[in-house]
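To keep things simple, chains are lettered A, B, C, D and E as they appear, and every chain counts its residues starting from 1.
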């Protein structure tokens, strides 16, 4: 049989692609890989699943889509994995499992999970005489550090943060900054809050930070661009996904493997929702006609054995992180990646159900788990990017965003 | 084989009547030339016969059978176009073979005919060339070759020589004439060239605005044009037409006298005039003479080189037996 | 040429193309039109109630709408201006006698063969990236602040990339047209005392008029639906700085999955395109007949 | 009559044109160079890239290991050739009819055809997607071939039309007089004569189909995905990626670039859309 | 105004010497015609004079001043091209005005000259048309109009009538002739048409392969061609050239006799032959006769209509005083 898998071109998925022939040989099946950039992937998979196109047997989807799609019965429930002793679903962190469930059904199996924390360069901090914070710093303090570390003449920028527009790109970071500044997306009546002073403070902070201590062209940089910059030694600090840690600390792929360490993502008026929560997981669309093969692959690709395989072939530092307790506690992992504990702790401390200072009607840290969020998040992301690029002011950007959000929520019937 | 009759054939393009109902008979084996001013409908008439245009009304009969609604391919006629219309991507051999191929003739018969046509037309050495590699005259011959092999009931030629240069034209003209003698197939030939019409035709059809002005042998037309139009159209340089007193003397509205039928003298003659332009060709001299009543300038053609020049006074005497008389309606008198 | 028989076979022969194109136009267009009156979001399947003009209301009041119209205009206009003027210059240059004309022509037309996606990616990363791109490195090497192309001058950058791809096309057509200019005309003008500038203005440019209209027509058709270049470079941003109508519809129907509004946008775009088409056709129709 | 020109003038013309040509070509040249570099070398300063680093095929190997180039390549070939072929088969009779049996409305029909090309693809993607889903031709070469054929059909017809117009009607009439049926006429006379024109039409169409990135991306997933989809997976970096992106780009554009170069004379000849009389 | 001298003018295209060093003087007000076979360098010579090509060596003087390195616009010459080279997008008025506009002449002066040129050339009614809407003859006149208004030192014409049909050609030929009489400006005229050369020229220059074979008045060339080439080239139908015995009788290698200088008789004469084709033009008859030693066929031209036909036996007698004698080197003897 031939199955088609839609995946994003992140490093962990590329690794899976490399290892997959093992599964193909074992089962006699073959795989068609459709590797796409994240935005394109999301658009393709959504179109396909929403129209029942049936082009894919397995999709890589995230913590945002899974519960929404699951609730609409677009995905095949994977509850039978709970009974599979071999697979040991209990080994997967409950937080992650819950994030991939809806109405009590599990709809996707996680490859890795992540929160955000701060990557920093030990050598640069030392050279600049900046003290490494021991507890969670505030964004204000963070800005000061970044300013001191900023040295563009030598090709080093104080901080690299996501600037490329998109709810999964810049808004992931900006969303956590907003949370830290006490802002939220909607009040309890689903009224958008983007014109609040908290949002203003957060975005103003973000824009100033990037203008003062960021690299040029930041509004085009997403996660992958920043990762490349950081690994190339061009950034002193970077608040981003814990899942990048393995790659950054991998001497084979990174020039700063031994000069990087981590601390928590900063807080400001609150420490709620300052680190995001995300997982990339594999799901089977309800329209797939090859469910058995797909399940077989799912099981293989998220099993303990798979992580073992990655550890053996790519090094334990490169193992996808944040999903399986047994993996995170594996001695080989801990030896290769001494920071693993920090990551697990960080992930487990996130609470998507209570992401903000003030009470909100939604779950999700850096996103809002409703279908309309994609559109709103993308739009706000564009506006913030425009403010970052100097194409508009923060006030204009947020005013536009608010208008847009009100419109969308009205259209969708949240606001009567 | 080759008798063509047009009965009340009419052609309109939209609302414009290009050919008013017209009758014409072409006998078997005749060489008929259509002449007439540009736009008079020569090509249209030919294309009606060929079947490339539908008649608006009237009938066309070929060898006694009604062919009005037959498609071109079924009429058994062959046409040689002004631009030759050779197939540029085929060799000469293939060009000539094409109509036979369309007729699904056996290969060996095709080859036989190609060889004989090529021989007749002096094309044997060029059979494998493409038309692009041939000279104008050779192309012309290929076009004729393509027409011959079908052994058509009649050949239609639409100004086939007008793209050739003067010298070549003379040669090709003679070749077509010889071909006609040999094949004895009906030929219909459109031209606006005087010399071609006069030298090749058994019968000339003079057209004006779609109407047949006169049908007859070349010398008939030369000697007894039916009206002023034909008189002026046939013969080069043009016949001098004289109105007024001089004509009245011959009790006609207009009299015509051809340039070659006037004698020039520096001393005495019937009319007196002054030389305008004298064109010395060496073999002939064309003298354009002003100051003669009713006709200005009057053209005279004399053999050899006559030493007259601009401004000279000369005397002219027409050959009285060769004066043409026309009535007020333009028709020939007597 | 035109007999009854040939006219009826002509109708028969043109039929497949007309029927296919008519189907291609009417079926999706009909569906689009139909969808544009439904509240139809892919993410909310099930009922798709009829909502009248609501989707049009939302589309027209979309804060990005005016910007998208303007951007479309600037993009198409900008690229047309650059490629036509540039194309004329290139054509004049390449028309001159020179050595290695073949090689040079190959180099000039090469961009035409490059996929839009590739060209977007290459320019974005290898050239316009302010840190690692060539332009950035040269600027840094010379001690200047590198330009953040897609942040500071996003539209200009897109216009530049698209122009790079379409300049060869304009050059090719204009060059062929120039080569068809009767040399005797130029020589006559020269005898008439016309300087090079006069010959260009009075003889060559009018001769090129027809070719220029064709360039404009064909390019407009393609430029109105420029998409891939924007998608891979700026995603329509920053803000809406590079969102053209096509991209806006893409955002509505494929990022927000609001097929209703996307369809309304599609209908609007189709109407606009046809207005443009109408004027272009008239212009070119006139020019082609002459 | 071309005027004889001195060598000095020719040299200066060559210099100016050469420089401009070089700038137009430089981006392609540059990715060609980068594709033979290691990732680390690829982001060094331009001069270092040129003179201070070695050459390697690694990037090509890496790209091939990750995505099956030849599958995508074959899809591209089949889709672009297929759509061109089908397009020509439909367009030739239509263009014949318009060129040789013009009616009053011919120009309007032609312009109408062209205007269908102005339909913004995004506006009709969802309907087409749904239709394709129902016909079961999503992610199939047939479906894609059909779409590309349709979007390029107006261009093909127009190009053929202008090309046919240049063929003297007399030749077709001659064929008719020679006893050729309509089919014979088109098959034996018109088509062979129009071969140069059809070649350039086909070439342009192949290029357009090869580079079409909207429909090919949205209507395919794996089986029928052509090179545009192949390149789409390199559009965002994982780590250093310039060399791999360059290699993938070169692999995606090389076939059409080479074809274009070899056939540029043909291409140029027909690329006039009636702009040149 | 209008004296042109070529001194040792030579032209090479690459390594090919198209014009070997050549001297030529053209007097003020003269009408000089260049004739010669295709490719002999007529156009090149004209373009050298116009300045559209650079000379490889040698000097061109116009009115005594060296013009070798002057650009075309500065030479004060006007050229009329074979294809007319009208500006298709400009109206007739604008076409004619163009050279004056380039010379920045005041508007009213421009208009005055346009009006007068249009009147002279019968173009007044067409001034607002585009060239595409004109007939061939009208286009030709516009081209001349554009040349006239500049009041050039000399006109250069490169086969200006070759695109016209025969009838029109005759008319335009006379118009140009009259124009020359009126303006008295030097004219250099390239043609391959016999009649044009003979009727228009004050002086004919016969070229072959870039070399001047003979320069002289039309009748000079007709009567005393300097060599066989000129003899064959001037006169239509071509001079009959006879080699062998007959020539030896006149102690020449070749003798030539023009068709119009041979008498035909059905009863007696010097030579005996059989009629091949007889072309009856009405005014003349061209008879092609076979079977005469040293020249086959021999062409004879007789005035009027002579009743001979294919296969008849005829006797020919050349006019002894009009026999041309050539040596083995092709040059005229005595």
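In this text, a contact is a pair of C-beta atoms (placed from the backbone, for glycine too) under 8 Å apart; a residue touches a chain by one contact, two chains touch by 3 or more.
Computed from a predicted structure; not experimentally measured.
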Target chain C, source chain A, minimum contact steps: 1
Fitted rotation between chain B and its twin chain E in degrees, CA, nearest 5: 175
Which of B-D and C-D has more C-beta contact pairs: C-D
Relative to chain E, chain with the most remote C-alpha centre: A
Between chain D and chain E, centroid-to-centroid distance (C-alpha), Å: 53
Centroid spacing, where centroids are CA-atom means, of chain B and chain E in whole angstrom: 27
Between chain D and chain A, distance of the C-alpha-averaged centres to the nearest whole Å: 39
Residues of chain D engaged with two or more neighbouring chains: 1, 3, 43, 126, 130, 173, 232, 234-235, 237
Where chain E touches two or more other chains at once, by residue number: 52
Residues of chain C whose C-beta touches two or more other chains: 1-2, 42, 184, 187, 254
Contacting residues of chain D [partner chain A, same complex]: 43, 65-67, 126, 129-130, 133, 138-139, 217-218, 221-223, 225, 229, 232-241
Of all residues in chain C, those that touch chain D in their complex: 1-2, 6-7, 9-11, 13-14, 16-18, 20-21, 24-25, 27-29, 31-32, 35, 42, 90, 93-94, 96-101, 103-119, 121-123, 125-127, 132, 134, 137-138, 141, 164, 167-169, 172-173, 175-177, 180, 183-184, 187, 210-211, 213-215, 217-218, 221, 224-225, 227-228, 232, 245-246, 249-250, 253-254, 259, 262-263, 265-267, 269-270, 273-274, 276-278, 281, 285, 288-289
Complex contacts: residues of chain A adjacent to chain D: 4, 6, 9-11, 14, 17-18, 32-38, 40, 44, 47-48, 51-56, 222, 224-225, 227-228, 231-232, 247, 253
Residues of chain E that touch chain B when the two form their complex: 165-167, 174, 177-178, 181, 192-195, 198-199, 218-219, 222-223, 234-237, 258-260, 277, 279-283, 286, 288, 301, 303-305, 310
Complex interface listing, chain B residues touching chain D: 50, 52, 71-73, 77-79, 81-83, 85-90, 98-99, 102-103, 146, 150
